[in-house]
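Chains here go by letter, A, B, C and D, matching the order in which they are written, and residues are numbered from 1 within each.
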Amino acid sequence: MSIVSLRDAVAELVHDGDTLALEGFTHLIPHAAGHEIIRQGRRNLHLVRMTPDLVYDQLIGSGCVSRLTFSWGGNPGVGSLQRFRDAVENKWPHALEIEEHSHAGMATRYAAGAAGLPFGILRGYIGTDLPKHTSTIKTVECPFTGEVLAAVPAINPDVGIIHAQRADRSGNVQIWGLLGVQKEAVLASDRSIVTVEEIVDELPEVPGAIVLPSWVIDAVCHVRGGAHPSFAMGFSTRDNSFYKAWDAISKDRDAFTAWVDKHIMGTADFSEYCESVGING
Amino acid sequence: MAEYTTDELMIVNAARQLGALAAAAKRQCFVGIGLPSTAANLARRLYPIEPVLIYESGCIGSKPTRLPLSIGDGELAETSDAVVSVPEIFAYWLQAGRIDIGFLSGAQIDKFGNINSTVIGSYESPKTRLPGAGGAPEIAASAGAVMVIMRQSARAFVERCDFRTSIGFGDGKGDRERFGLRGGGPKWVITDLAMMEPDPDSCELVVEALHPGVTRDQVSAATGWPVRFVDDLAVTDEPTDIELDVLRSLQAA
Amino acid sequence: MSIVSLRDAVAELVHDGDTLALEGFTHLIPHAAGHEIIRQGRRNLHLVRMTPDLVYDQLIGSGCVSRLTFSWGGNPGVGSLQRFRDAVENKWPHALEIEEHSHAGMATRYAAGAAGLPFGILRGYIGTDLPKHTSTIKTVECPFTGEVLAAVPAINPDVGIIHAQRADRSGNVQIWGLLGVQKEAVLASDRSIVTVEEIVDELPEVPGAIVLPSWVIDAVCHVRGGAHPSFAMGFSTRDNSFYKAWDAISKDRDAFTAWVDKHIMGTADFSEYCESVGING
Amino acid sequence: MAEYTTDELMIVNAARQLGALAAAAKRQCFVGIGLPSTAANLARRLYPIEPVLIYESGCIGSKPTRLPLSIGDGELAETSDAVVSVPEIFAYWLQAGRIDIGFLSGAQIDKFGNINSTVIGSYESPKTRLPGAGGAPEIAASAGAVMVIMRQSARAFVERCDFRTSIGFGDGKGDRERFGLRGGGPKWVITDLAMMEPDPDSCELVVEALHPGVTRDQVSAATGWPVRFVDDLAVTDEPTDIELDVLRSLQAA
């Protein structure tokens, strides 16, 4: 584990063609890391995420992504992810291959990945059309009861990227509030990057907090507000107005491209981005 | 009599149903954002025995003081009895059969209560790409019973869904048993025009009640299959001033 | 959920022939509940527990048990469980049928039980003699990679019994420190009993604590010190001297029987037991 | 030269090995109670790069100030970087291959490093019923490498174990690969007489070093198979005063 800048972490650990999981279930979504991947022009990425959210809408619209594995691709509480829709419906900026699951299936896949198992089982997908279109949904028979259950393969990304509240100077990471699949995304991945709100000498005890030890993390980056417009419980609240505003920004290709050029490509890092869009990172 | 919107009408009728279920010890409610979350939170404020709100973000027993925009709002975690990981909420809580009522909505629902929230048109080249499954397929499979809230129109209430994201009664009576599903499937479909329930013999959705001022013709015109009405067709009560006041103060918070 | 005396909880919820899981991984072992089951003379019990510990040694020696499912049957840090050994080696007080697993297998079985799955999978038992003697160890093939993994059936006891630090008056239970399989044992069981150190108006937030909501618990019983000689973090420490002393008490059948007659059968409840053995419950 | 017991001798030699491994970035150590826990805690105090102690009770990165009697002592939880559930410690941490060194002991070990901690005699009517497997089978299967500490005698070091609780090299070279085991198996067997390691060609345990003052004949007499000695047989260093002082202060705490 090393404490480095987000620019260096992405440069070193994220490569063209990698499978990436930027996770965070509405809480702690690593938006700053997504921006840096766009800035560094990564291509042909296979993105994995339960809820693609704005962070993947931006990566897809910027042409970084050739494949998406997901379970719910919307703008929570607002509506569609326009760039995701445009890619699927109109192949803009290019075709997007999709692998579609349910939340329960994705959670099972991450848990299997974290546990070093090749697959996981669940009571899922039965009677739905998903297995007709998703080849990674199969079945297994219980060797004791004969029941047939859904089987899904483990997810083991090349890089798992999350945002968290805190790290200490040796790189132990502390997360509280909605935990999502943050732990599983890191443990299932070959490499991992964690952006944090603050780096402290010693982690104070926090009710409901979990700790990921430094030795399962490759890079810790200090990026205050790095989840925006998502949030970090104890440090910020969800910027619902930004989620609503994103619908208009992303509906039009030119408006989207102009936004990315100005606020992401036109800025050197997340703090410049924050100034540029007028929020305090 | 106070004025009210059709959304308020749906929300109030859903809250009444949840209140009745909670009184009958069916309290654990797996709720999505939007109308379901609003209805469940309204029921928490209107009835002595409160529904227990469970969100797929891992919140168990949430008591939000204001309505969340997303299932991940911090408010939900801060007011919960317990917060667990996403793998746990689906495995230990939903899949294990601890949820009495699952709350769903969608872009299309068909006459057997199957729901589409994936695509309009073909999957390969969709006319409209929708957000997708989320937690719905397993909620529909595992919840003790499912409540659906949707605005009714012939485009949304269809003979057969373009894509079956979440199973209701499949192709009719007996399919859930054949699939070995543990949950009871859709029991209440609440729309802006009427209340529908599966016919005990065929499992086809039939109209149990009309909302005040709504005609059979309106419902038939807004349904994509030749919808049937029960003999003793009821009319739902107008939302009361109390129901509307509590709902509006909740939405204003 | 109802808050009742341990006597009433056992009388109502624990029946002859039941499958019981009294769990607690060295921490929070529900000894008081075990004593009450002995007092009420339950018979033909199928006991399930990763680490049988003294609580099951006492139940086995008292003739309550016909079957044991376990993964490590010793006196931690001391040596053997003498009553367990005597039952297996000499069928005293009567034959004990055993179903033997590894810790990883038992943990997987509890997790499957809590998740409503008929079985769970793990990388386990391979190359060992356990599958030759334990019929509940089978294999499944990964439908994606073809790998063969161990499969074990879910554990779903009739009654799950644990000790915890705290409950509030509506029966929500708070547990912290070593969590063991406490949550899984309760969630996997048809009925559940939780003994607690204290019952409070409101659960204060505690770092590392989990909460089991009242609606997954049948009975909460206020039994201060009810884990002794195990412990409840924040309330007591492990009574290592009692663990050491147990070896001598349990080695001899008569000494054991005399001990049970005097301290368990001869007392009305756990507080009398504590006086009788001279510890402050 | 200070006096020392054979247990102290084993513990010191195990701690040295752990220190060397930690320096080589093999730090994550899954330890059981007794000699392994004592050796690992001694290494934490003796070497600049400390082993990371992981206990099956769910403690990750424990730094106990005194030696625990049981793997569940509160001291372990209170001094850990993280405490997780028992299902998680086995699934996410051991099974996933995050453990560099697994520490085992047992009642019997055979020439291929297989370990018996279940029964002496037949399983159905055992001469001695032992505690059983615990975490050992999966530690032996999944840990990057396994270190074994056992007192050496012809009854404990046998041609073939009465019961194979934890696999070493099975019936010889290639078995681990055939079984698809991900861990490396036993690499070091530390006894009160000698240090043994698997022969690279046969995977049979051979004597790499004798402890000071121990003869080949003693080791042969205490081994239940015709044990071989490497050509460049070494002699371990006497425990130093510092090693013994730190160990004894640790045990006195």
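Worth a mention:
To be clear about the criterion, contacts are C-beta pairs under 8 Å (C-beta built on N, C-alpha and C of every residue); 3 or more make two chains touch, one makes a residue touch a chain.
The structure displayed is predicted, hence computed values, not measured ones.
More contacting C-beta pairs link the chains of A-B than the other of the two pairs A-D and A-B.
Of all chains, the one whose CA centroid is most distant from that of chain B is D. Chain A and chain D, compared by their mean Cα positions, are separated by 40 Å. Per-chain Cα centroids separate chain C from chain D by 29 Å. Between chain B and chain D, the centres computed from C-alpha atoms are 57 Å apart. Residue positions 91, 95, 142, 182 of chain D each touch two or more of the other chains. Within chain C, residues 116-117, 122-123, 147, 183-184, 208 each touch two or more of the remaining chains. Pairwise chain contacts in this structure: A-B, A-C, A-D, B-C, C-D. Contact residues on chain C toward chain A in their complex (touch as defined above): 116-119, 121-123, 136, 138-145, 147, 149, 151, 153, 205-209. Contact residues of chain B toward chain C in the complex are 27-28, 52, 60-61, 81-82, 91-92, 95-98, 142, 182.
Per the touch definition, chain B reaches chain A in the complex via residues 33-34, 56-59, 68-74, 76-78, 83-87, 90-91, 94-95, 118, 123, 125-126, 128-138, 141-142, 163-167, 170, 175-176, 179-182.
Contacts from chain C toward chain D in the complex involve residues 25-27, 50-51, 70-74, 76-77, 80-81, 84-85, 88-89, 100-104, 107-108, 110-111, 122-130, 133, 147-148, 177-181, 183-184, 208, 230-231, 233, 237-238, 240, 243.
Within the complex, the chain C residues that touch chain B are 114-117, 172, 183-184, 187, 210-213, 215-216.
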